[in-house]
(Lines give C-alpha, C1' and ligand atoms only; values in the text may rest on other atoms or scores of the structure.)
Protein backbone atom coordinates (compact mmCIF):
# COMPACT_ATOMS: atom_id res chain seq x y z
CA UNK A 1 0.00 0.00 0.00
CA UNK A 2 1.15 3.52 -0.76
CA UNK A 3 2.58 5.07 2.42
CA UNK A 4 0.48 8.22 2.11
CA UNK A 5 -2.68 6.15 1.75
CA UNK A 6 -1.58 4.21 4.81
CA UNK A 7 -1.25 7.45 6.79
CA UNK A 8 -4.86 8.30 5.92
CA UNK A 9 -5.99 4.78 6.77
CA UNK A 10 -4.40 5.20 10.21
CA UNK A 11 -6.55 8.31 10.70
CA UNK A 12 -3.52 10.59 10.45
CA UNK A 13 -2.42 13.33 8.10
CA UNK A 14 0.95 14.02 6.52
CA UNK A 15 1.78 17.54 7.71
CA UNK A 16 3.38 20.32 5.73
CA UNK A 17 7.17 20.01 6.11
CA UNK A 18 8.13 22.05 9.20
CA UNK A 19 10.33 25.14 8.83
CA UNK A 20 13.90 25.01 10.17
CA UNK A 21 14.25 26.69 13.57
CA UNK A 22 17.76 27.98 12.87
CA UNK A 23 20.50 28.28 10.29
CA UNK A 24 20.31 24.72 9.02
CA UNK A 25 18.62 22.59 6.37
CA UNK A 26 15.80 20.09 6.96
CA UNK A 27 17.85 17.35 5.29
CA UNK A 28 21.10 16.61 3.50
CA UNK A 29 21.38 13.72 1.07
CA UNK A 30 24.67 11.92 0.39
CA UNK A 31 24.27 9.18 -2.19
CA UNK A 32 21.26 7.15 -1.12
CA UNK A 33 21.47 8.20 2.51
CA UNK A 34 19.29 11.05 3.73
CA UNK A 35 20.30 12.74 6.98
CA UNK A 36 17.30 14.53 8.46
CA UNK A 37 17.33 17.33 10.98
CA UNK A 38 15.64 16.76 14.29
CA UNK A 39 11.88 17.26 14.23
CA UNK A 40 9.76 18.35 17.17
CA UNK A 41 6.10 18.08 18.18
CA UNK A 42 4.80 20.89 16.02
CA UNK A 43 1.83 20.97 13.66
CA UNK A 44 0.84 23.94 11.48
CA UNK A 45 3.33 26.09 13.35
CA UNK A 46 1.89 25.30 16.79
CA UNK A 47 3.45 23.06 19.40
CA UNK A 48 1.26 20.06 20.20
CA UNK A 49 3.20 18.80 23.25
CA UNK A 50 5.50 20.82 25.47
CA UNK A 51 7.14 20.09 28.80
CA UNK A 52 8.86 17.13 30.34
CA UNK A 53 7.64 13.58 30.62
CA UNK A 54 7.41 12.94 34.36
CA UNK A 55 6.10 16.46 34.98
CA UNK A 56 3.79 18.20 32.45
CA UNK A 57 3.55 15.09 30.26
CA UNK A 58 3.05 11.36 30.71
CA UNK A 59 4.48 8.36 28.88
CA UNK A 60 1.17 8.18 26.99
CA UNK A 61 1.15 11.81 25.87
CA UNK A 62 4.87 11.52 25.12
CA UNK A 63 4.05 8.63 22.82
CA UNK A 64 1.66 10.91 20.92
CA UNK A 65 4.31 13.60 20.82
CA UNK A 66 6.80 11.16 19.30
CA UNK A 67 4.27 10.17 16.65
CA UNK A 68 3.89 13.80 15.56
CA UNK A 69 7.69 14.19 15.39
CA UNK A 70 7.81 11.12 13.15
CA UNK A 71 5.12 12.49 10.85
CA UNK A 72 7.18 15.67 10.53
CA UNK A 73 10.22 13.57 9.63
CA UNK A 74 8.16 11.83 6.92
CA UNK A 75 7.07 15.26 5.64
CA UNK A 76 10.75 16.22 5.34
CA UNK A 77 11.54 12.99 3.50
CA UNK A 78 8.72 13.69 1.04
CA UNK A 79 10.07 17.22 0.55
CA UNK A 80 13.52 15.73 -0.10
CA UNK A 81 12.69 12.97 -2.57
CA UNK A 82 9.16 13.74 -3.75
CA UNK A 83 7.32 10.70 -2.45
CA UNK A 84 7.27 8.46 0.60
CA UNK A 85 7.31 5.47 -1.74
CA UNK A 86 10.94 6.33 -2.51
CA UNK A 87 11.94 5.35 1.03
CA UNK A 88 13.96 2.12 0.87
CA UNK A 89 14.14 1.99 4.63
CA UNK A 90 14.42 3.96 7.81
CA UNK A 91 18.01 3.25 8.92
CA UNK A 92 18.23 4.90 12.30
CA UNK A 93 16.08 6.87 14.73
CA UNK A 94 17.65 9.01 17.43
CA UNK A 95 14.88 9.56 19.97
CA UNK A 96 15.22 12.36 22.52
CA UNK A 97 12.68 12.62 25.32
CA UNK A 98 12.42 15.85 27.30
CA UNK A 99 12.43 14.13 30.66
CA UNK A 100 12.79 14.83 34.34
CA UNK A 101 16.18 13.82 35.75
CA UNK A 102 16.27 10.04 36.12
CA UNK A 103 13.46 9.37 33.64
CA UNK A 104 13.83 5.68 32.75
CA UNK A 105 11.08 4.98 30.26
CA UNK A 106 12.27 6.67 27.06
CA UNK A 107 11.73 3.49 24.96
CA UNK A 108 7.99 3.51 25.67
CA UNK A 109 7.83 7.16 24.57
CA UNK A 110 9.94 6.75 21.43
CA UNK A 111 7.84 3.75 20.40
CA UNK A 112 5.37 6.42 19.27
CA UNK A 113 7.76 7.23 16.45
CA UNK A 114 8.88 3.65 15.83
CA UNK A 115 5.32 2.33 15.66
CA UNK A 116 4.42 5.11 13.23
CA UNK A 117 7.29 4.30 10.89
CA UNK A 118 6.45 0.59 10.91
CA UNK A 119 2.72 1.28 10.59
CA UNK A 120 3.18 3.52 7.58
CA UNK A 121 6.11 1.84 5.83
CA UNK A 122 5.87 -1.79 6.92
CA UNK A 123 9.18 -3.66 6.86
CA UNK A 124 10.88 -0.61 5.32
CA UNK A 125 10.02 1.30 8.48
CA UNK A 126 11.91 -1.02 10.82
CA UNK A 127 15.06 0.70 12.09
CA UNK A 128 17.91 0.76 14.55
CA UNK A 129 17.39 3.23 17.39
CA UNK A 130 18.74 4.95 20.45
CA UNK A 131 16.34 6.46 22.99
CA UNK A 132 17.52 8.79 25.74
CA UNK A 133 16.02 11.39 28.06
CA UNK A 134 17.59 14.83 27.75
CA UNK A 135 17.46 17.97 29.88
CA UNK A 136 15.60 20.07 27.34
CA UNK A 137 14.45 20.34 23.74
CA UNK A 138 13.77 23.15 21.27
CA UNK A 139 10.63 25.17 22.06
CA UNK A 140 10.23 22.92 25.10
CA UNK A 141 9.02 20.11 22.81
CA UNK A 142 8.28 16.88 24.66
CA UNK A 143 10.10 14.78 22.07
CA UNK A 144 12.61 15.27 19.26
CA UNK A 145 13.27 12.64 16.58
CA UNK A 146 16.33 12.52 14.34
CA UNK A 147 16.21 10.14 11.39
CA UNK A 148 18.63 8.65 8.87
CA UNK A 149 16.90 7.04 5.90
CA UNK A 150 17.90 5.19 2.76
CA UNK A 151 16.07 6.47 -0.32
CA UNK A 152 15.85 5.86 -4.04
CA UNK A 153 17.82 8.41 -6.03
CA UNK B 1 44.28 -12.66 17.58
CA UNK B 2 40.66 -13.59 17.08
CA UNK B 3 38.45 -11.01 18.82
CA UNK B 4 36.43 -13.63 20.67
CA UNK B 5 39.61 -15.26 21.99
CA UNK B 6 40.75 -11.80 23.06
CA UNK B 7 37.53 -11.31 25.02
CA UNK B 8 38.23 -14.53 26.91
CA UNK B 9 41.86 -13.51 27.47
CA UNK B 10 40.60 -10.28 29.03
CA UNK B 11 38.58 -12.38 31.48
CA UNK B 12 35.30 -11.34 29.87
CA UNK B 13 32.52 -13.13 28.07
CA UNK B 14 30.65 -12.24 24.89
CA UNK B 15 27.01 -12.06 26.01
CA UNK B 16 23.97 -13.29 24.17
CA UNK B 17 22.71 -10.45 21.93
CA UNK B 18 20.27 -8.41 24.03
CA UNK B 19 16.59 -8.24 23.03
CA UNK B 20 15.21 -4.98 21.67
CA UNK B 21 13.30 -2.97 24.30
CA UNK B 22 10.77 -1.61 21.81
CA UNK B 23 9.57 -1.69 18.22
CA UNK B 24 13.00 -1.50 16.63
CA UNK B 25 15.80 -3.69 15.28
CA UNK B 26 19.16 -4.30 16.98
CA UNK B 27 20.96 -3.21 13.81
CA UNK B 28 20.48 -2.05 10.23
CA UNK B 29 23.18 -2.57 7.64
CA UNK B 30 23.57 -0.30 4.60
CA UNK B 31 26.41 -1.41 2.37
CA UNK B 32 29.40 -1.96 4.63
CA UNK B 33 28.09 0.30 7.37
CA UNK B 34 26.28 -1.23 10.30
CA UNK B 35 24.12 1.09 12.41
CA UNK B 36 23.56 -0.45 15.83
CA UNK B 37 20.83 0.36 18.28
CA UNK B 38 21.80 1.71 21.66
CA UNK B 39 22.83 -0.95 24.16
CA UNK B 40 22.48 -0.68 27.93
CA UNK B 41 24.10 -2.29 30.96
CA UNK B 42 22.19 -5.54 30.88
CA UNK B 43 23.46 -9.12 31.10
CA UNK B 44 21.27 -12.22 30.83
CA UNK B 45 18.19 -10.04 31.05
CA UNK B 46 19.25 -8.38 34.31
CA UNK B 47 20.53 -4.83 34.70
CA UNK B 48 24.08 -4.70 36.01
CA UNK B 49 24.27 -0.95 36.70
CA UNK B 50 21.35 1.39 37.28
CA UNK B 51 21.15 4.97 38.49
CA UNK B 52 23.08 8.13 37.81
CA UNK B 53 26.80 8.71 38.00
CA UNK B 54 27.22 11.30 40.73
CA UNK B 55 24.47 9.72 42.82
CA UNK B 56 23.97 5.91 42.89
CA UNK B 57 27.05 5.28 40.73
CA UNK B 58 30.64 6.52 40.52
CA UNK B 59 32.95 7.18 37.60
CA UNK B 60 34.55 3.79 38.31
CA UNK B 61 31.31 1.81 38.34
CA UNK B 62 30.14 3.84 35.34
CA UNK B 63 33.27 2.68 33.51
CA UNK B 64 32.25 -0.94 34.22
CA UNK B 65 28.74 -0.17 33.03
CA UNK B 66 30.10 1.23 29.76
CA UNK B 67 32.18 -1.90 29.25
CA UNK B 68 29.09 -4.09 29.52
CA UNK B 69 27.23 -1.88 27.03
CA UNK B 70 30.15 -2.29 24.63
CA UNK B 71 30.10 -6.07 25.00
CA UNK B 72 26.40 -6.01 24.15
CA UNK B 73 27.18 -3.95 21.06
CA UNK B 74 29.76 -6.56 20.03
CA UNK B 75 27.15 -9.28 20.57
CA UNK B 76 24.83 -7.42 18.20
CA UNK B 77 27.59 -7.08 15.62
CA UNK B 78 28.22 -10.82 15.80
CA UNK B 79 24.50 -11.45 15.38
CA UNK B 80 24.54 -9.16 12.33
CA UNK B 81 27.57 -10.47 10.45
CA UNK B 82 28.34 -13.82 12.05
CA UNK B 83 31.76 -13.13 13.49
CA UNK B 84 33.63 -10.34 15.23
CA UNK B 85 36.49 -10.92 12.83
CA UNK B 86 34.33 -9.35 10.11
CA UNK B 87 34.59 -5.96 11.81
CA UNK B 88 36.76 -3.69 9.67
CA UNK B 89 36.57 -0.97 12.24
CA UNK B 90 34.44 0.74 14.82
CA UNK B 91 33.60 4.06 13.15
CA UNK B 92 31.76 5.97 15.85
CA UNK B 93 30.65 5.57 19.46
CA UNK B 94 27.89 7.72 20.89
CA UNK B 95 28.32 7.48 24.65
CA UNK B 96 25.46 8.50 26.92
CA UNK B 97 26.03 8.68 30.66
CA UNK B 98 23.04 8.79 33.01
CA UNK B 99 24.41 11.66 35.06
CA UNK B 100 23.36 14.18 37.66
CA UNK B 101 22.86 17.68 36.26
CA UNK B 102 26.26 19.24 35.61
CA UNK B 103 28.14 15.94 35.47
CA UNK B 104 31.44 16.80 33.75
CA UNK B 105 33.34 13.53 33.56
CA UNK B 106 31.54 11.58 30.85
CA UNK B 107 34.79 10.84 28.94
CA UNK B 108 36.20 8.87 31.89
CA UNK B 109 33.01 6.81 32.01
CA UNK B 110 32.75 6.18 28.28
CA UNK B 111 36.40 5.10 28.20
CA UNK B 112 35.02 1.84 29.59
CA UNK B 113 33.51 1.21 26.17
CA UNK B 114 36.38 2.70 24.18
CA UNK B 115 39.02 0.70 26.06
CA UNK B 116 37.00 -2.46 25.51
CA UNK B 117 36.75 -1.93 21.76
CA UNK B 118 40.46 -1.21 21.47
CA UNK B 119 41.34 -4.10 23.80
CA UNK B 120 39.30 -6.60 21.82
CA UNK B 121 39.80 -5.31 18.28
CA UNK B 122 43.14 -3.53 18.41
CA UNK B 123 43.57 -0.80 15.80
CA UNK B 124 40.20 -1.75 14.27
CA UNK B 125 38.58 -0.78 17.56
CA UNK B 126 39.79 2.81 17.51
CA UNK B 127 36.89 5.15 16.79
CA UNK B 128 35.53 8.67 16.76
CA UNK B 129 33.30 9.45 19.72
CA UNK B 130 30.97 11.85 21.46
CA UNK B 131 30.38 11.51 25.21
CA UNK B 132 27.59 13.39 26.98
CA UNK B 133 25.65 13.11 30.21
CA UNK B 134 21.90 12.81 29.75
CA UNK B 135 18.93 13.13 32.09
CA UNK B 136 17.91 9.50 31.93
CA UNK B 137 18.37 6.20 30.13
CA UNK B 138 16.21 3.14 29.40
CA UNK B 139 15.57 0.96 32.46
CA UNK B 140 17.60 3.53 34.43
CA UNK B 141 20.79 2.12 32.90
CA UNK B 142 23.91 3.95 34.00
CA UNK B 143 25.29 4.07 30.46
CA UNK B 144 24.05 3.63 26.91
CA UNK B 145 26.36 3.10 23.93
CA UNK B 146 25.40 3.60 20.30
CA UNK B 147 27.83 2.31 17.68
CA UNK B 148 28.40 2.65 13.95
CA UNK B 149 30.77 0.02 12.54
CA UNK B 150 32.27 -0.86 9.18
CA UNK B 151 32.01 -4.57 8.41
CA UNK B 152 32.91 -7.05 5.71
CA UNK B 153 29.92 -7.94 3.55
CA UNK C 1 37.16 32.33 -1.20
CA UNK C 2 39.50 29.95 0.59
CA UNK C 3 37.88 28.86 3.88
CA UNK C 4 40.97 29.67 5.95
CA UNK C 5 41.11 33.18 4.47
CA UNK C 6 37.42 33.50 5.29
CA UNK C 7 38.11 32.58 8.92
CA UNK C 8 40.67 35.40 9.11
CA UNK C 9 38.26 37.80 7.41
CA UNK C 10 35.69 36.98 10.09
CA UNK C 11 38.25 38.04 12.71
CA UNK C 12 38.71 34.47 13.89
CA UNK C 13 41.57 32.02 13.97
CA UNK C 14 41.72 28.34 13.08
CA UNK C 15 42.91 26.67 16.28
CA UNK C 16 45.36 23.84 16.65
CA UNK C 17 43.43 20.57 16.48
CA UNK C 18 42.37 19.72 20.04
CA UNK C 19 43.74 16.59 21.75
CA UNK C 20 41.38 13.68 22.39
CA UNK C 21 40.10 13.56 25.98
CA UNK C 22 40.04 9.77 26.12
CA UNK C 23 40.81 6.57 24.27
CA UNK C 24 39.41 7.65 20.92
CA UNK C 25 40.39 9.27 17.63
CA UNK C 26 39.51 12.82 16.56
CA UNK C 27 38.01 11.46 13.33
CA UNK C 28 37.39 8.33 11.31
CA UNK C 29 36.97 8.47 7.55
CA UNK C 30 34.93 5.90 5.61
CA UNK C 31 34.97 6.59 1.88
CA UNK C 32 34.15 10.26 1.48
CA UNK C 33 32.41 10.54 4.82
CA UNK C 34 34.33 11.88 7.79
CA UNK C 35 32.93 11.14 11.24
CA UNK C 36 34.32 13.62 13.75
CA UNK C 37 34.50 13.24 17.49
CA UNK C 38 32.65 15.74 19.62
CA UNK C 39 34.52 19.01 20.18
CA UNK C 40 34.15 21.24 23.21
CA UNK C 41 34.79 24.92 23.99
CA UNK C 42 38.52 24.69 24.43
CA UNK C 43 41.27 26.84 22.95
CA UNK C 44 44.99 26.28 23.47
CA UNK C 45 44.21 23.71 26.13
CA UNK C 46 42.04 26.06 28.19
CA UNK C 47 38.26 25.97 28.46
CA UNK C 48 36.67 29.15 27.13
CA UNK C 49 33.11 28.50 28.36
CA UNK C 50 32.07 26.21 31.20
CA UNK C 51 28.79 25.71 33.01
CA UNK C 52 25.18 25.46 31.99
CA UNK C 53 23.17 27.81 29.86
CA UNK C 54 20.45 29.10 32.15
CA UNK C 55 22.84 29.27 35.10
CA UNK C 56 26.53 30.25 34.61
CA UNK C 57 26.02 30.99 30.91
CA UNK C 58 23.49 32.77 28.71
CA UNK C 59 22.17 32.05 25.25
CA UNK C 60 24.58 34.70 23.94
CA UNK C 61 27.67 33.27 25.62
CA UNK C 62 26.50 29.79 24.65
CA UNK C 63 26.43 30.97 21.04
CA UNK C 64 30.10 31.97 21.38
CA UNK C 65 30.85 28.62 22.97
CA UNK C 66 29.26 26.83 20.02
CA UNK C 67 31.35 28.86 17.60
CA UNK C 68 34.55 27.76 19.30
CA UNK C 69 33.42 24.12 19.19
CA UNK C 70 32.81 24.53 15.45
CA UNK C 71 36.27 26.00 14.91
CA UNK C 72 37.73 22.99 16.71
CA UNK C 73 35.75 20.70 14.41
CA UNK C 74 37.18 22.54 11.40
CA UNK C 75 40.67 22.12 12.88
CA UNK C 76 40.04 18.38 13.07
CA UNK C 77 38.82 18.29 9.48
CA UNK C 78 41.97 20.08 8.37
CA UNK C 79 44.06 17.57 10.32
CA UNK C 80 42.15 14.76 8.60
CA UNK C 81 42.26 15.86 4.97
CA UNK C 82 44.93 18.58 4.87
CA UNK C 83 42.85 21.56 3.86
CA UNK C 84 39.42 23.04 4.55
CA UNK C 85 38.99 23.46 0.81
CA UNK C 86 38.60 19.68 0.59
CA UNK C 87 35.27 19.89 2.43
CA UNK C 88 32.48 19.08 -0.02
CA UNK C 89 29.89 19.81 2.60
CA UNK C 90 28.98 19.60 6.24
CA UNK C 91 26.40 16.82 6.33
CA UNK C 92 25.19 16.83 9.91
CA UNK C 93 25.76 18.71 13.16
CA UNK C 94 24.79 17.19 16.49
CA UNK C 95 24.59 20.11 18.88
CA UNK C 96 24.63 19.44 22.62
CA UNK C 97 23.99 22.32 25.02
CA UNK C 98 24.91 21.93 28.67
CA UNK C 99 21.61 23.28 29.94
CA UNK C 100 19.54 23.53 33.08
CA UNK C 101 16.63 21.10 33.19
CA UNK C 102 13.90 22.35 30.87
CA UNK C 103 16.19 24.57 28.79
CA UNK C 104 14.20 25.25 25.61
CA UNK C 105 16.46 27.44 23.48
CA UNK C 106 19.15 25.05 22.23
CA UNK C 107 18.66 26.12 18.58
CA UNK C 108 19.70 29.71 19.37
CA UNK C 109 22.85 28.40 21.06
CA UNK C 110 23.77 25.89 18.37
CA UNK C 111 23.32 28.57 15.70
CA UNK C 112 26.77 29.70 16.86
CA UNK C 113 28.18 26.60 15.21
CA UNK C 114 25.80 26.61 12.24
CA UNK C 115 26.47 30.28 11.44
CA UNK C 116 30.21 29.63 11.64
CA UNK C 117 30.07 26.73 9.21
CA UNK C 118 27.95 28.72 6.74
CA UNK C 119 30.08 31.85 7.21
CA UNK C 120 33.32 30.00 6.52
CA UNK C 121 32.18 27.47 3.91
CA UNK C 122 29.21 29.15 2.25
CA UNK C 123 26.72 26.72 0.71
CA UNK C 124 29.02 23.80 1.56
CA UNK C 125 28.56 24.69 5.22
CA UNK C 126 24.80 24.24 5.20
CA UNK C 127 23.86 21.08 7.09
CA UNK C 128 21.16 19.01 8.74
CA UNK C 129 21.14 19.31 12.52
CA UNK C 130 19.75 18.19 15.84
CA UNK C 131 20.03 20.48 18.87
CA UNK C 132 19.31 19.25 22.38
CA UNK C 133 20.10 20.29 25.93
CA UNK C 134 21.91 17.64 27.96
CA UNK C 135 22.62 17.21 31.66
CA UNK C 136 26.38 17.63 31.38
CA UNK C 137 29.33 17.79 29.03
CA UNK C 138 33.04 16.91 29.19
CA UNK C 139 35.09 19.30 31.34
CA UNK C 140 31.80 21.11 32.04
CA UNK C 141 31.94 22.62 28.55
CA UNK C 142 28.94 24.79 27.74
CA UNK C 143 28.53 23.23 24.30
CA UNK C 144 29.66 20.13 22.42
CA UNK C 145 29.41 19.78 18.65
CA UNK C 146 29.58 16.52 16.72
CA UNK C 147 29.99 16.74 12.96
CA UNK C 148 29.69 14.45 9.93
CA UNK C 149 31.26 15.90 6.79
CA UNK C 150 31.70 14.88 3.18
CA UNK C 151 35.24 15.43 1.95
CA UNK C 152 37.34 14.98 -1.18
CA UNK C 153 39.49 11.88 -1.02
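A, B and C label the chains in the order they appear, each numbered from 1.
Definition applied: a residue touches a chain if its C-beta (ideal position, glycine included) is under 8 Å from a C-beta of that chain, and two chains touch if they have at least 3 such contacts.
Predicted model only: the values in this text are computed from it and were never measured.
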**Q.** Arrangement of touching chains [line / ring / star / complete / other]
**A.** complete
Q | Interface residue overlap between copies chain A and chain C, same or different (over half shared) | A | different
Q: Please work out the Cα centroid separation of chain A and chain C, and write it as a whole number of Å.
A: 25
Q. Do you know which chain C residues sit against two or more other chains?
A. 100-101, 134-135
**Q.** Touch list for chain A against partner chain C, complex
**A.** 21-28, 30, 35-38, 52, 94, 96, 98, 100-101, 134-140, 144, 146
Q | Contact set on chain A toward chain B in their complex | A | 32-33, 89, 91-93, 97, 99-108, 110-111, 114-115, 118, 126-135, 148, 150
